[in-house]
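Chain IDs A, B, C, D and E follow the sequence of writing; residue 1 opens each chain.
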Amino acid sequence: MVPGVLFSSSLITVLTTVGIVLVLLTETVAFFGEVSIIEFITSDRWTPQFADKHFGILPLLVGTMMITVIASLVALPIGLATAIYLSEYAPERVRKVVKPILEVLAGVPTIVYGYFALTFVTPLIRSLIPETSIYNALSASIVVGIMILPMVASLSEDAMLAVPRKLRDGAFALGATRFEVALKVVVPAALSGIIASFVLALSRAIGETMIVTIAAGALAQVTFNPLESVQTMTAFIVNISLGDVEPGSIESKSIFAVGMTLFVLTLTLNLIAQFISRRYKEEY
Amino acid sequence: MSIIETRNLNLYYGQHHALLDINVDIEENSITAFIGPSGCGKSTFLRTLNRMNDMIPNVKITGTVKVAGEDIYQSGVDVEILRKRVGMVFQQPNPFPKSIYDNITFGPKLHGVTNRHELDEIVEKSLKAAALWDEVKDVLKKPAYGLSGGQQQRLCIARALAVNPQILLMDEPTSALDPISTAKIEELLDELKETYTIVIVTHNMQQAARISDKTAFFLNGELVEYDATPVIFQNPSDKRTEDYITGRFG
Amino acid sequence: MSIIETRNLNLYYGQHHALLDINVDIEENSITAFIGPSGCGKSTFLRTLNRMNDMIPNVKITGTVKVAGEDIYQSGVDVEILRKRVGMVFQQPNPFPKSIYDNITFGPKLHGVTNRHELDEIVEKSLKAAALWDEVKDVLKKPAYGLSGGQQQRLCIARALAVNPQILLMDEPTSALDPISTAKIEELLDELKETYTIVIVTHNMQQAARISDKTAFFLNGELVEYDATPVIFQNPSDKRTEDYITGRFG
Amino acid sequence: MTKLRKIKDVFFKWLFFAATAFGMLSLVVLVVDILYQGLPRLSWEFITNFPSFNPDKAGIKAAILGSVWVIGLTAPMALFLGVATALYLEEYAKKNWFTRLIQTNISNLAGVPSIIYGILGLALFVRAMKLGPSILAGAFTMALLVLPIVVVAAQEAIRAVPQTLRHGAYALGASKWQTIRGIVLPSAAPGILTGMILSLSRAIGETAPLVVVGAFVFVRFAPTDPLDKFTVLPIQIYSWVSQPKAAFHELAASGIIVLLIVLLLMNATAVLLRNKYQKRF
Amino acid sequence: GQNAQQAPTASAGDQANNAAQAPAEQEEKTEELSGEVLIAGSSTVYPITIIAAEKFMEENPGVNVSVASTGTGGGFKKWQVGETDINNASSKIKDSVIEEAKKHGIEPLELTVAYDALTVVVNKENDFVDSMTVEELKKIWEPNSTVKLWSDVREGWPKEEIKLYGPGTDSGTFEYFTEQIVGEAKSSRTDYTPSEDDNVLVQGVAGDKYSLGYFGYAYYAENSDKLKAVPIVNPETKEAVMPSDEAIENGTYKPLGREIWIYPSKQALKKPQVAAFVKFYMENAAEYAKEAGYTPLPAEKYDVERKELEEALKALQ
């Protein structure tokens, strides 16, 4: 009886995925009834809302990637360094205070971050680099980075904390400095947990919606200049779902195709990550 | 001259007074065994000899510890160099989650050896010294975790030897091992004492009796008696030592 | 009649043959000690007596184990009832993260005792039997984690007694304790054997000699010798027993 | 040589410290920025008034109550499903391909953008189950959204319960379920609750999925029923921000302060629980 | 109190009588109303609607009017299946929506509530732009536009890069502007800076000396200290007209004065509280529109709208 109930509950998560795929798929199929999949993959223009419609996912993909990459450049090194500081250097008292405070950062509503990016970080960047566009990928992704930073820091720190004391002692006894112990023993031993935290943070960055909607602009273009505005897949979905487009139109179907692409993207990322982390898992 | 000398050594974990006025002289190229019931301070004392207690918060130490004549608690002492000179092997085998080869070269690389050829030599020499070479010479690139417990412990000994220490501290190095592995390591210790000074903590009195030259008996943070091993086991001068040896407690 | 009888008991962990043809008869109201070097199968054997090995995957058991005349590996045996009759205390004290009171009443409640008054009585009786009552009677509602290691272990004994077992299995119950707590528990065992049959695993030969009526010596999964304790320690018939007792290995 | 190593050691210590300080500093800047904008309009009336076209009379009562209702309903659903799933995976499931599938699926769901949950919620709860744009539909959607986080946290907590405790219970004659209910769950409870609170604090800040599900903005009544229409704090804030009048922007900042206070309270509870729990085994 | 108790026994005839009585009586009468009115749709119309909603509820505490801000299209999606009673719209209802709604037995009633003047703005420090023509705007905004510098727009303007800001491409504002200026809805150059949030556009133009942007009049009105509105040359009179209430109301601000609407469904109007709310809304729309920063329709236009409403209500009885 009990295992049955528990098992059924665990199926809810599977059903959720099935539900998401079904909801996305029906409209996606309708979308590809009108738009060729070749264009979707190859065209470098994404203008479903303009009179001259093009449906190349590339600009959104590039926008998403740019946000994700810059956010990672902020969050992964700083997060990892924070984790190392907390687990290897900080006194217990400091750790107990700092960690939960950092976790508050993870819980701050994303619209708050969005306006923080727009009204604080963007002017800061513009005062340094005046030609920066008011909506720009850089500001949005720095703030996305700040948002996911505690996730990296907190989960990596958990992983490092799980590395047995005896491994550290072994290295200290050989005359290693604290830094050498952290870098050569603790980080490698905690690598699979660290990678897991990276992946979770990355999927959160890819899926982040409001910050990029508010601060990165809504211009779907293929650019690699972070000072220009970009549109991410999530921002496009939000814009269309909250915008004035008529229901049933090709624009409104396009968000499902974009959602599907996003879903496939995060799934792929997760699978790759699982593979990597299984590969690098160090037994101890 | 003794290679290790402690004078009025006291250690506190916060309020807890864990070592009381310990005075010990340890000779070069000998095996010294520390025995005593659980919690008496054996491990604590051992760790004062290479400052492994530094890492524990709220530890206070008074008195002096001299290694080869130098006071190791003086300011300006290079702890990393000290630990290179005073190697340590722990109760639980603790190989790094790396290959056998990388375990051995970890220490030498820290201390600046980068030449591949030189590293190869160190690996071979240390593994031979730890009586492990024949068993692993063909699987040097395999992870150390594939080894049995006894092999892992010998690997840890080899790893300690690889940085070329003068002294080897061992904290119950065989208590997690089966009898055959234990016998192998005891044999090894006998050989190693030609080259190194060995200090070993053990809860196994038979082991202390079998391998050590001198034995120290600790109780509640006090050094109750310290003498030649046969004296301690056959003719202890302190009643508490006798009670412990004969199994009246502990 | 012996309360525990094993016949040709074999146990395999997957491929690993951990127990070989064990035949043991254990008398009621006695203390039986299992000794032997690490990994010889003492714990494994102990766990066959209340089917705690059931939880480990890939275990295969052949032969019979009879408790009070009943074959406990027959189909249809109620394992929960068996474990109620054959209590167990572990090496590390493992009180539940609950109050002292709730630790003791956990077992009785499982087996249907709900009356508050009755539970109070059980708590008092078990704690008294485990020689802990005086120390904790005023803090019964406090978390068990506040107790010292030795007190925690006696709490675990009280917890086992609370379900009113006939037999008490103990796997190195004092190896994590300090000498004073150990002495207390040894004293306690001597009292408990009036009412219960006790089987104890220990790595401490002095302890076995001090407290047990009969001693069994295991080696590599084999029962090498099983006899009255004085015989084993003073006049063993097997050379391997003698070597072990005199500390030639292990 | 050792000199260089020492310099490196010190250098990196400060580098790591600086990284930690960066995170703390970001938070401080963020909070100061918001306080600066929002404090002037923060008052008791702001908390107890319904929204209004008049910025001087506008408040967030409906939004607070809506958020409380949604979170209040989300919590038990997510808790039950999350703990049940975690128990199944940790205590019952065989380590076969199907279990791995569920596990992979859960970590994948944790990365699905929240707005996609909104799309699912609209199709499933609002339309198919005919709940309409109600609190209940919103809560169901949020429950699915936070479920993966709760499951993972609960799994960690259950895994952290030492095996010796389970053995202790079995040795007293407890059945598997008795062991889980009597020992495993109570021991894991603080960890589970911590994960729960952290995931709910994510849910409380979500905007997009609830807008898609059909939350309103301008609501001038206190919801009394799970089928009532509703609004939540972040939606109210978002709508104020996009008004032309500057006074509304200040209101938005005040709303953010309220949201942050709620969040801080939730996190503080989580920390207290965690600290209590870390002392236990 | 008393009235409420009488209500169940009152016949249809009584109600008709009551309706004809003095306004004070009429107000007491409406106190009996209860139930909810659900509104979604355009964020542009939202500020007017919530004023109407709040004032209506002051007089009818039994009714709950809830308003969502979902965008015109998002709102129609809910409206066409009957999930909402009224949709706020900043662009006209599409045939596809009407058809879809029909399947669910829903019919729209289109009511214009106010004008929104799209305003073309430049930076406060911009001292060379004093007016622009539709052609010039078209030259700037048409797809594949070659305008890069201000001097490309009009001879004599500085050779500075022109920075363009505009609303999100999914908004009614974008649709209307492109239709009026470029000549085809949603036909626009794509290399400008769009944002969903008009406040952000305000900041963009305010912070950039050589910028140009357009958005709703209300956002300009609130920020007239930071921005400069560009007078638009009326294509008929050839006179440059500054956007203002009078200019929009009297029709001289052309072609950027647009209408905004509410769409109650006829089915929803059968509910007395919805009918009462819509009537109330249309009676006071001029006042509320002004209050929200929009331009009211001329009085006679409101009369037309109210008449349409009356007729629709009558037809439903």
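Following the convention adopted for this analysis, a contact is a pair of C-beta atoms (placed from the backbone, for glycine too) under 8 Å apart; a residue touches a chain by one contact, two chains touch by 3 or more.
The model shown is predicted, which means the values in this text are computed figures rather than measured ones.
Shared contact partners of chain A and chain B, listed by label: D. With steps allowed only between chains in touch, the distance from chain A over to chain C comes to 2.
Chains that touch both chain B and chain E are the following: A, D. For the copy pair chain B and chain C, the superposing rotation over Cα atoms measures out at 180 degrees to the nearest 5. Centrality annotation: D (chain centre taken as mean Cα position, compared with the mean over all protein Cα atoms). With respect to chain A, maximal separation of chain centres occurs for C (centres as means of Cα atoms). The interface with the greater count of contacting C-beta pairs, when D-E is set against A-E, is A-E.
Relative to chain B, the most remote chain by averaged C-alpha coordinates is E.
Taking the mean of the C-alpha atoms as each chain's centre, chain C and chain D sit 46 Å apart.
Computed centre separation for the pair chain C/chain E is 83 angstrom, with centres defined by C-alpha atoms.
With each centre defined as the average position of its C-alpha atoms, the distance from chain A to chain D rounds to 17 Å. Put simply, the C-alpha centre of chain B and that of chain D have 50 angstrom between them. Shown for chain A are the residues that touch two or more other chains, namely 177, 180, 241-242. Those residues of chain C in touch with two or more other chains do not exist in this structure.
Multi-chain contact residues of chain D (touching two or more other chains) are listed as 5, 211, 241. Screening every pair of chains for touch gives A-B, A-D, A-E, B-C, B-D, C-D, D-E. The residues of chain B lying in touch with chain C in their complex are 37-39, 176-179, 182-183, 204-207, 209-210, 246-250. The touching residues of chain B, counted against chain D in their complex, run 78, 80-81, 110-112.
Those residues of chain A lying in contact with chain B across their complex are 91-92, 164, 166-177, 180, 184-185, 188-189, 282-284. Within the complex, the chain A residues that touch chain D are 2-3, 5-7, 9-10, 12-14, 16-17, 19-20, 23-24, 77-79, 81-82, 84-86, 88-90, 96, 98, 100-113, 115-116, 119-120, 146, 149-150, 153, 177-180, 182, 199-200, 202-204, 206-210, 234, 237-238, 241-242, 256, 259, 262-263, 266-267, 269-271, 274.
Of all the residues in chain E, the ones that touch chain A in their complex are 42, 70-74, 76-77, 80, 89-91, 94, 96-97, 100, 143, 165, 168-172, 174-175, 178, 184-188, 190-197, 200, 203-204, 207-208.
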